[in-house]
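Next up: some structures, all given as structure tokens.
One chain, chain A, links the two complexes that follow: it is found with chain B in the first and with chain C in the second.
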Partner chain A sequence: MTLSPEPLLSIDDLRVTFAVRSTFLRRTLMEVSSVAGVSLSVMPGKTLGIVGESGCGKSTTARAIIGLDKPSSGTITFAGERIEMASPQRRRQLARDMQMIYQDPFASLNPRKTVAQIIGEGWQVHPDLLHATERNAETALLMRKVGLDPALSDRFPHQFSGGQRQRIGIARALALRPRLLICDEPVSALDVSVQAQTLNLLSDLQHELGLTYVFIAHDLSVVRHVSNTIAVMYLGRIVETGAVGQIYASPAHPYTRALMSAAPIPRPWAVSRPARIVLKGELPSPLAPPSGCRFHTRCWMAREQCRTDEPKLREVAGRQTACHFAEEVVATAGPVGTP
Partner chain B sequence: MKSATAPVPARALSSISARSKIDLRLLVPGLICVVYVVVAIIGPFLTRYDPVATNTSQRLRPPFSELRDGSIALFGTDQVGRDLLGQVIAGAQISLTVGFLTLVIAGILGTALGVLAGYRGGWVDTVLMRLADIQLAFPSILLAVLVAAVVGPSLLNIILVLAFTRWVVFARVARAQTLAVKNRDFVSASRTLGAGDWHIVRHCILPALVAPVLVVATVQFGLVIVAEASLSFLGLGMPAGTPSWGVSIASGRNYLATAWWISTMPGLVLSALVIAVGVLGDRLRDRFDPNLTTR
Partner chain C sequence: MTVPKQIHEPLLAVESLAVRFGGVDGGFLALEDVSFQLEAGETLSLLGESGSGKSVTAQAVMALLPGNAEISGGHIAFSGEDLVSLPRSRTRALCGTQMGMIFQDPLTALNPVFTVGDQIAELFQVRQGYGRRTAWSAAADVIDAVGIPDARHRLNAYPHQFSGGMRQRLVIAMAIALKPRLLIADEPTTALDVTVQAQIMELIGNLQRETGMALLLITHDLGVVADVTDRVAIMYAGRIVETGPVRVVYDHPAHPYTRGLMSSIPSLDESDGPLSTIPGLPPNPRDRPSGCPFHPRCSFAKPVCAVERPPMRALSGGRMAACHFAEEVVRLDPVS
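Let's turn to the complex of A and B:
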């Protein structure tokens, strides 16, 4: 696929489990798997999009990669190095290679620090990265790079708009010159008009700096715009993953199809599109995931096999999908009746 | 990209003009506090107040009365003829020292333990907060009386005793604020940058603690001075003969019907300071809160 066959980041069978504890004596009552066996990989310089509804484990996956949540099993390999059990010292070093952009630009900037202090925080933590005398110039450079006026560097975050704050967050992440940038819903808290600007900025920066992105979103059109490959998650698992063009053209998993049919399109009257698939019910609780295929409780194609056998990711029509009847889904492309 | 470079002009302008304006609510209580501090430092040299000198011919003179040597006793004289103004000025030194040092010790100790409890969580939190609960269930003045009675009256002892009874308030506020801040995204962001615990406490948590701890401190300042006065009043605070507002108020108790000013004058001075500190603290809190733009 690419010149470099070695992925920059690959995750194998990642599980992140949280204990649900009683308030009395803190005994573990049960465990909830936010991420239940996820495997992914990203090539250098490419973008992997992760989509799925709220609570499907997208953000937990991101937090596990960056080291904020401890994986309970599975491996995370970054540039050939296993990092899932990295020591705190090693994590500190790894921070230079991977950074994160947060969803809420109002919560992710320290309200008591100026823009210059926020952007320069990484150099405080890693003083050897940049000599103290060069930091002001570098701050100005970074601000210009993300489209902010360097003259505003002594302002506080509350003096900026949401889009500007997100740019400050991007500059902070870039200050450490990372190779991998994990964007956890970086535009979903922004106005639609500002979303496009921010996405374009991210894509410009990717070309300029050769960055690799893991891009998490629930907005399908956003993910399509930025990603090379995508992974669709449902209840802690990946249900379908592959090249973005293939998956958007003909989804092979019923859940992906339902998602696609729910995404708004620019000129609905100009194109014929399959009927909207409305999923019934709610996302099941990850405390008690359904047996067999985790999606069977809401799937309009569910059969007996789906209730008992758990589908594995397998190659169907050029992408990986986890559905027993993926061929059927591909074959019935075109209007699908609502359940 | 260019469109994002413009600042938010209206808000920026208003905050600049507000900053250059003189803030009376900060200035007035601030000046009052400065006057108290200055008087406490240089006052004793100016008035030459002698706490053991008596002048029985001039006893129980009301405020503004002219004494035999031609001077005017602004605050009157007490039951043994000592000038009350001199007494209050001399007492300011003791009361301010006690109030300030007690708050510094209790504030540092309480904040440190509160941050530790909130940040670490787990058994550290449980042990520290249960200790705090036990102490809070006990009336603090009773605790102070108990300890003061055991260790005996002296300036250092009274400061330590009062600090010991006050750390809990700081610890609880610091812990609550730490819990509120430590899971915010910007703390995760710092951790993502590779920051260690000490960096996060110093740069993310302590700045967020300034405002609430300051408010607690200003409320406590009044309470501590009153507590010192109460202990002295009970004879467990400053050694007898040492001028302190509490001692002055206590000594005027028997003369309230005939010479109201002996207790009232130090009481008014004390109240004015407590109110000024309260207003000042409230204002400072607003200043320290970056999100309050109505400066």
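Let's turn to the complex of A and C:
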């Protein structure tokens, strides 16, 4: 229809606010914006990586997309439909198209259900998707697809290793034939050798089934490997977003740069890499985010303007970045001295 | 003390260590034939995946093995004293004063109902007989040394009032408070964010340089190893399969398992193509394969590997590996 394809998912100025209540009478004392104005989009069949440290709002963004947390403002558009205020009935239908893979392969599977029951749970909520007589065959097919032996479908989660359990979680997510998979730290609980197997599986499935991924992780090399575009979050805001190659080659936001330089790599002597930037201080409390640029309290480049004016996302060197001095960050791509 | 010792003694020497976990089914060996040495001031990483035995090794050294586990063979010598045959009271006395330990989870390592000042001052009161006032002032000094701002005032705070990174600093403060000669760090940054991890590793490095203590780092993260340690020992299925200087081992692995690990981590620089993987899963400790425990997953395995267990052999570059075909593996092209 249109020449340029529409994104499968787009988020505009999303805010998710939680109330901090008193223990007595549950009075609202103050509000925390866990996600404070985030805009994102993913094209069909592509992967958007979201990186950031604990408390940056990446998981809350994912939960808002899938409907587990209610946005306080902003819009979420999925396949052309505004979904953030959808009715519970509509939400249930949408759940078919959007599935989630969780971080902890131990906590996310019901220990009292067999693998077949876990994978088939979605079909009880959506009985029209698959006739009851076809379900056993489909379970076997899904298990084979994720690399599990269908003969094990009567076993319970505790009889599997962490990597195998994560495969069960993936099979469960695929059972409803979704278009979008939200992967919240899907490999961070796995050992290195199993992590590689799982990442390869996710990438094979994406090509085979044309899936779109939102991939949340704190491991920058993993995100680099799977993503087409990335968004770097800090204290509820996106500080930099764009094509993955560009951002990794030359970050334009000081926070992205610090994050990239701090990631431990196995053979630092084999690559040329700018000096490590060790950020000073602590992540500020989201209850009282700093004025101006939220990163200024820890930024070695911060100037007076950063304390007062909040930088907006703007186009710099082929990506969007929210820093007043992004051009300078790109220009000084070499080793930087810390203060 | 002025007469130099005739025979050089490493600070920590672990020799053919075996640890057995009991159970109704007869139990299993968590560690078999583990040997390594650590000199004063040196850093060694024990690297391995879950179940490889790296944490059990640390627990055995610190006499912290769980109740159903026992040292079933070998020796652990700490500056010449064999910890295995020492009475428990003596090993307990060494822990904390001569050896300190940092645990993975900084929240469970601290007592939530006492202030951090109480917990750190207690060390000085119990171990060194300080009075309360002196102990608190010593506590303020150590938490200042680990970079917690406003130390004297923060002593009155409870653990939950600190962030994850600050709590790990507190745990480090407790581990180094009595100036141990050996610091054992079991996954010290696994629960922390990348930028906090960088701060904590920098802190451990600085403390080590200032105090000259030796560091035994237990980790699953190949990158952290490269940042801080001189030597690495790679563990698989309860044994050390390769050990040597980090650069030698990482650039030209001599054991196929090391090589498999190195090539299965994604790189920060490029993203194309599937990752190479190690097929299969680590073996169940109750049912380890015959011969070389890695042979069912090894792409270099030959019939001999299923029958004969390869011994640790010295190779060039100051490294040792337990593989029948180590020379061939070393000669392969370096992993990208």
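Simple rule for what comes next: the second predicted complex is superposed on the first by the 334 of 339 C-alpha atoms of A that agree within 3 Å, B and C clash if a C-alpha of one lies under 4 Å from a C-alpha of the other, contacts with A are read in each partner's own complex, and residues count from 1 in each chain.
In this text, a contact is a pair of C-beta atoms (placed from the backbone, for glycine too) under 8 Å apart; a residue touches a chain by one contact, two chains touch by 3 or more.
The structure displayed is predicted, hence computed values, not measured ones.
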Contacts of A:Gln197 with chain B and chain C, given as first, second, both or neither: both
First (chain B), second (chain C), both or neither touched by A:His126: first
First (chain B), second (chain C), both or neither touched by A:Leu220: second
First (chain B), second (chain C), both or neither touched by A:Leu148: first
First, second, both or neither for A:Gly163, with chain B first and chain C second: both
First (chain B), second (chain C), both or neither touched by A:Leu279: second
Partner chain(s) touched by A:Gln93 [first = chain B, second = chain C, both, neither]: first
Which of chain B and chain C A:Tyr248 touches, first, second, both or neither: second
First (chain B), second (chain C), both or neither touched by A:Pro266: second
On chain A, the residue positions that both chain B and chain C contact, one per complex: 161, 163-164, 197, 200
For the chain A and chain C complex, residues of the former touching the latter: 53-54, 161-164, 191-197, 199-200, 203-204, 218, 220-222, 224-227, 244-245, 248, 258-260, 262-271, 276, 278-279, 282-283
Touch list for chain C against partner chain A, complex: 49-50, 163-166, 193-199, 201-202, 220-227, 247, 250-251, 260-262, 264-269, 271, 274-278, 281-282
Residue numbers on chain A that touch chain B, as the complex places them: 63, 66-68, 88, 91-96, 99-100, 102-104, 107-113, 121-122, 124-126, 147-149, 152, 155-161, 163-164, 167, 169, 172, 176, 197, 200-201
Footprint of chain A on chain B - complex, ascending: 1-8, 11-12, 15, 184-186, 188-196, 199, 203-204, 207-208, 290-291, 293
